[in-house]
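Structures follow.
After this come two complexes, each holding chain A, first together with chain B and then together with chain C.
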Partner chain A sequence: MTGRTVSSAGPAVPRSPLAGPVRRAAADIFSWRFALLLFAGAVVVYPLLWVVSLAFSGQQSLQLVQLPGDATAWQQLAALIPLPQQWSLENFRAVLTEQPFLRWLLNSLVVSLGTTLVGLALACSAAYAFSRFSFPGRDRGLVLFLISQMFPAVLMLIPLYVIVVQWLGLGNSWLGLVLVYAITALPFCVWMLKGYFDTLPYEIEESALLEGASRFTIFYRIILPLARPAIAVTGLFSFMTAWNEFILASIFMDDEALYTVPVGLRFFVSDYASEWGYFAAGAILVSLPVILLFLSLQRFLVAGLSSGAVKG
Partner chain B sequence: MARIEFRRVVKQYPDSPPTVPGLDLSVRDGEFMVLVGPSGCGKSTTLRMIAGLESVTAGELWIGDRLVNRVPPGERDVAMVFQNYALYPHMTVFENMAFGLRVRREPQAQIRTKVERAAETLGLTGLLGRRPGQLSGGQCQRVALGRAMVRDPQVFLFDEPLSNLDAELRVQMRGNIGRLHREFATTSVYVTHDQVEAMTLGQRIAILNGGELMQVGTPMELYGDPDNVFVAGFMGSPPMNIVAVQNLGRALRNAVLEVPLAGLEGLPGELLLGLRPEKLEYAAAAPAHWPRLRAAIEMVETLGAEMLVHLGEGDTRMVARLPGLRPLAAGETIELAFDPRAAYLFDADSQRRIRLSQPVESAEPAL
Partner chain C sequence: MIETSATRLLGQVFLLLLALVAQLVYAQPREELLLWHGYRGEERRALEQLLEDYNRNQPDARVKALAVPFGSFADKLSAALPRGQGPDLFIFGHDRIGGWARAGNTVAPVDDLVPARVLARFPPSLVEAMRFEGRLYGLPFNFKSTALIYNRALVRHAPETTDELLALARARTDRRRGRFGLAYSYTEPFFHGALLNSFGSGPFDADGRLALDSPGNVRSLEQLARWVREEGILPEEPNSTLVTNLFNQGRAAMVISGPWLLGEISEGIDYAVAPLPQNSESGRPLAPWVAVEGLFLSPWSGRQQAALGLMNYLTGERAALHMAMAGGQLPANLNAYTHPEVARDANTMAFRRQLETAVPIPNLPQMTLLWKPLEKALNKVVKGSASPAGELQRLQREIRRDVANLQAAGDRAGRPRSIPAWAWLGLALLALAALSPALRRRRRIAAAWREHRTAYVYILPAMLGMLLLVFFPLLYGFLLSFTDTTLLNENTPFLSRWQGLGNYASILGDWNFWYGEGAGRSINYDNFYWTLLVTICWTAGNVVLSVGLALVLALALDKPILGRTWFRLLLILPWAIPNYITALVWKGMFHPQFGVVNQALQVVGLAPVAWFDSVGASFMTGLVTNVWLSIPFMMVVILGGLQSIPRDLYEAARVEGAGRWCQFRAITLPLLKPVLVPAIILSVVWTFNMFNVIYLVSDGAPAGANDILITKAFRIGFEKYQYAYAAAYSMVILALLFAYAMWQMRVSRTLEAAR
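Here is the complex of A and B:
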């Protein structure tokens, strides 16, 4: 506004330095792009708001607001806003103490960490080989990896069950799930890491070769530290896949004490129960570790560690 | 320290013509040899074969008294400086220089001494704790140099190490590299496409073209006594003028000049005449018996103390390097003269040098 008055005073008067930014900000806010972003933001956040409200409502019902029979249109509209009538931590307390939720959390943590470690170890070494060595079947192997990603994961359900549970006898065990998760995530991880390894200048390795370093030394002391951003992203992906996976876990794990969190959560809301409050509180508790992991890995997610290695 | 010897060395990639069709070259113990040539001439491939980063398809490659065809790079005791430095970006300058020594499990105290000594020689002492990303290009290249030095290898290899530096730094680093070689006298092979670098650094220069060795010799041998048109045209800036001339038996002639020469009998009718730009002088000040040439000026490049005058007449193009005192303009015709002893003759077909059996200076002016 100030900008407008100043500029109207005449072309000779210099404009206030604020005029430009303010007007530009105003133009941004009242643009269709901004509206679109707001809408998209609402679409993403609205369900989350429901979960949070349910979790803190202290009750199990999906209806946060009891509408009278003759509710006005305004009241009905207001009921769409997910706000509990009272706030309570009761759902969290119950989930953590009355249910075996902590036990499931531990199961999930062990399985997910195991998956991340096993998956990264396999994916890093495989991706390095695919990136740097030429061997028969190299290109075909990469394509096969891609093809394997084109089938829905459910297709693998029966063969995996036969192999893991019946042949290996690894049903109802952490190890079985770790193996299955690590290996099904492998194609994606290998592609991801290979792409990053490809960007690391080969001269660095040649230089190390000339200095007498073995391939393993180069891989361990040079490539892995340089690929930290990619490894962080890939590790996060592995962890989250394992952490959130439901179908395989629900089939391989019969023993309630071995449930992972997604499987356990499911029993809050089933044919026989509809404890939406526990479900929502559990869901929030489940997301916390992933959020923490994300935050702690954030600095590695910033690529560019290899800048300065060579001059392009 | 060691000599390096190529015996009929061939490098060929599958499904392509040989990059190096058969190289015979020996680098003497303690010598600074420069491999120079246009891009794609096989000079880098040759260097990488010495390093072991490229395999040898056929022939023998000797370092010292070891046949190294099948020796892995890490066991050849060679150190290499790369064009893009190839420093380890996640390690400090100290760690970069110590890496090779650590891999070889040298004692900690010894590593520290060696690295610090090299850092001092190269003026890197204050930078030992920094990472490559925090260094300038020149500093990076000095670290790369230091990393090679601390290992005290038998052979130093340089793969266009100065190409990424600006002109001023390049001169400075050239001085550094030259000084280091005088100090340590380690056998060195240096690849470049820059003939000034080759001339200033090389004790001997090997000129390669299309994988073939064109000539090996000291810088002045190559400049003053080129074996063929390629070498004549490659060394010197601006390069030697090569013009087609007709052999008249007692003289050579084309549109702009006529050079009376003895000893032309029996030579082909079409020859190439080579004249260095700096050997052309204003006719007015030149001895009367020197051959003259008259041509139109196409362009004048003024460099201050001197100017490069581009001449053209018909199909003949020449450059003269003249003192930059007179105002010359494009379109004018200029008369220049040259000492016939400074002229080179080449066979037009084989491009090889023709050395007249009779010394050129005995030629008498025909007119």
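Here is the complex of A and C:
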């Protein structure tokens, strides 16, 4: 992608092979878009810096900000940037060794990937039907999906416990969690995918139908590949739903070896004393897989229709 | 033909899933004795060592421990125990005994099972703490109370009286440099207990009746208000993290805290522990509340004798010694303190001496109703927005009403214990009525099924999942909302709790908009309609800001730019990091004295803002945090949507001479709509029900004015324990959101039709 943009900007100054990219970069840096992104990036990063500096401080609570009274405004501003007094990996070491953190991380990965798979399978097929067929009860069905998001989750706790643990006997098993999370994420996924499927031109399917392809082939071979950006977004969403959930995971699981990582993180917080340093270090570790996942999904977010199969 | 094979495939997948479920549906027989606890760190290690030792010596009664995070322990217990699940034994604070005993099926009385010689191990006050209405529930294991912890570099001798304490604290306070003579979480009732009990009255009178507005209690609040407002020796907006911080940096000369703080004190600080001083105003010692961690027996345990054996072992002298020395705990078995190694530890012994004056937290069910409202009241008083006497009288009325609500439900025990025949008949009739339209139209339904079978098969798995895991719980909530279920009658038969539309009537018919009379009149923030107004402002503000900003950012990122990948990654970070910690970081940034926001305001020459004192400012804190948290998600959604817009449309528009804004209006926005509309509807629904941010950042400050409907429902359910009322509240939320969704969909459909 970068290559293409570079070559399109290139021909103006053909003297040196570097001139094009440099000019391009300079033009980017002085554009309003870049300024906006820089500003937004700063706003986003600042609170996270506190988390990072707490995690690397080796301590359990942050240094308090106290402005030096007789310093210049510039020094005072510098004092607002959170940096630990000394850098240390102690918090990370403690988080990783004092509890089976990696094991929990692995559990979370299994549960979250399971949720993503189950959720996407259910959502794609349902959304396809909602988008492409007209049948009695279609609108009502869509609204039914929405209702589930409208009831406060805290009050679903007991009935969910009854259903999952007592009726289905899925207490203390990942399958129970996967099912609950997948269904929780379902409404968003269905709505999102349906919206996206609606934007895909119907002509492709019509011609495929005329050529004798079945609905399932069309769905599987044509629609799903075209909908990659939306599938990436909903997949990420399903993953996150399972990845950060704490209360159901800790109520359903009766075995420490089966806990997911958000449950493990909450061990550091209690009513009396909380180890925020450990929590921060753990939070950073927990967010790494998400970042990796996002990085790997990125290309689906940028390569949609414009470079997809439609034109071919 | 391939079509049927596809449906068959889906069917097979579904069957496979069912088989998986079925395979897991059998209860494994349990041999071990299960113990649940909330310990962590060194106390956990000490407990586990004890259990290992026990397992070595008792091969026939193996114990398996499960550590549960503090944040979900109570929920886990109350989900499992009343349903016959859960552990044989558990370790928990004693202050919930009353509620458990009243509700039944949660904890077993042990007075017939424990011999007197075991009870003789503990001081009478701690055994008394485990008793409710004459019966003993569990054995005391460890206790936790506060005491005075002081920095020896700043304070030579611990003060003997509060007058001395005040004089010392005044000398050590320099507010401009952020130094304080004394620091503790004085707005938390657990910490205020020391002052409260030193006037001899406490929240209940001798007969266990609520007596919050007693003269002694009023005086304790007056004294605290003086310390904060006139003497200025205490920091603003205290919480345990701030107190630890101040002490560790030598900014607080003395703190009132418990043994849990000792493990967190920095190495450079030379500290000592002393019992709290005598209150010069009442002539009695400050008497902190003590929380007793008890060993409780499940009423469902099939291995009672083994469980009792373990209780006996864990409260024995050897175990107590180990908990004290290796676990840093204060064991309830007092013999441990006579051991030379423990007796040599001055800090442990100071906490032990504090026990002489400490008062166990009352274990009445009413007590659990008190914590949050009392905290709110303390906050108001120290900020000067209410007088101690007036506020306590108001609180007394409020809590008495809550208690009455709770007990009224519990007292109606004369109702049918089992479901009478007419109820079954009624149910059958109802089911018939619900089914009859379906039966009448069965031809059409069958025809529709035949005609649109493919569509239905595609939707079926998702719908079945929703039916089981969403609509059943919903139905439960719906039915619950017509009862008067509370903590106290939760486990009685459903029908005996039926009360009809009462909850809805009292929610929607809440016309008490004002407090007080005349000039002293103020808005009643507990009013349903006020909360609704705040919720609507909250939702509208959040959605408009986050969708708008996310759209701008997504557009900025849509076209190639230097470092695009990095910006994209950077901007989704708030979504990737667990919001529990980032919300608390934002809360810290808004701290009036030590928060970065106010410091930055001062750098540029503006006056600091008391963020949590006024409705508007407090609203802003939640708004900023939530917008920050929700932009990444919105941005990703919009980025995905932007990809569906064919690039050649823009080129065509450019050729026609359309400007940027025109392109945005004519191409981007309309083509983004199929993705944007569901995202907006869902984000309205989520923001409306955004519990975490409100709860963690402003916590409804000031005085519950910034609570939204969902946090209100939570408070009713889990701070007032009126489950049915909370369910009705939730049903109202559902109805409101449903109405909104229908309206929104109609609007977007008419817009579509008009185009």
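We take it that the second predicted complex is superposed on the first by the 233 of 312 C-alpha atoms of A that agree within 3 Å, B and C clash if a C-alpha of one lies under 4 Å from a C-alpha of the other, contacts with A are read in each partner's own complex, and residues count from 1 in each chain.
Methods note: a residue touches a chain if its C-beta (ideal position, glycine included) is under 8 Å from a C-beta of that chain, and two chains touch if they have at least 3 such contacts.
Everything numeric in this text was worked out from a predicted model, so none of it was measured.
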item	value
Which superposed partner A:Pro225 touches (first chain B, second chain C, both, neither)	first
Touched partner set for A:Thr217, first chain B, second chain C, both or neither	both
First, second, both or neither for A:Val290, with chain B first and chain C second	second
Superposition-derived comparison: chain B or chain C, residues of chain A touched	C
Which of chain B and chain C A:Ile204 touches, first, second, both or neither	first
Partner chain in contact with A:Ser274 - chain B first, chain C second, else both or neither	second
Contact residues common to both interfaces of chain A (with chain B and with chain C)	214, 217, 305-306
In the complex, chain B residues that touch chain A	51-53, 72-76, 78-80, 82, 84-90, 99-100, 103-104, 131-135, 137, 140, 147, 151, 164
In the complex with chain B, residue positions of chain A that touch it	201, 203-204, 206-214, 217, 221-222, 225-226, 305-312
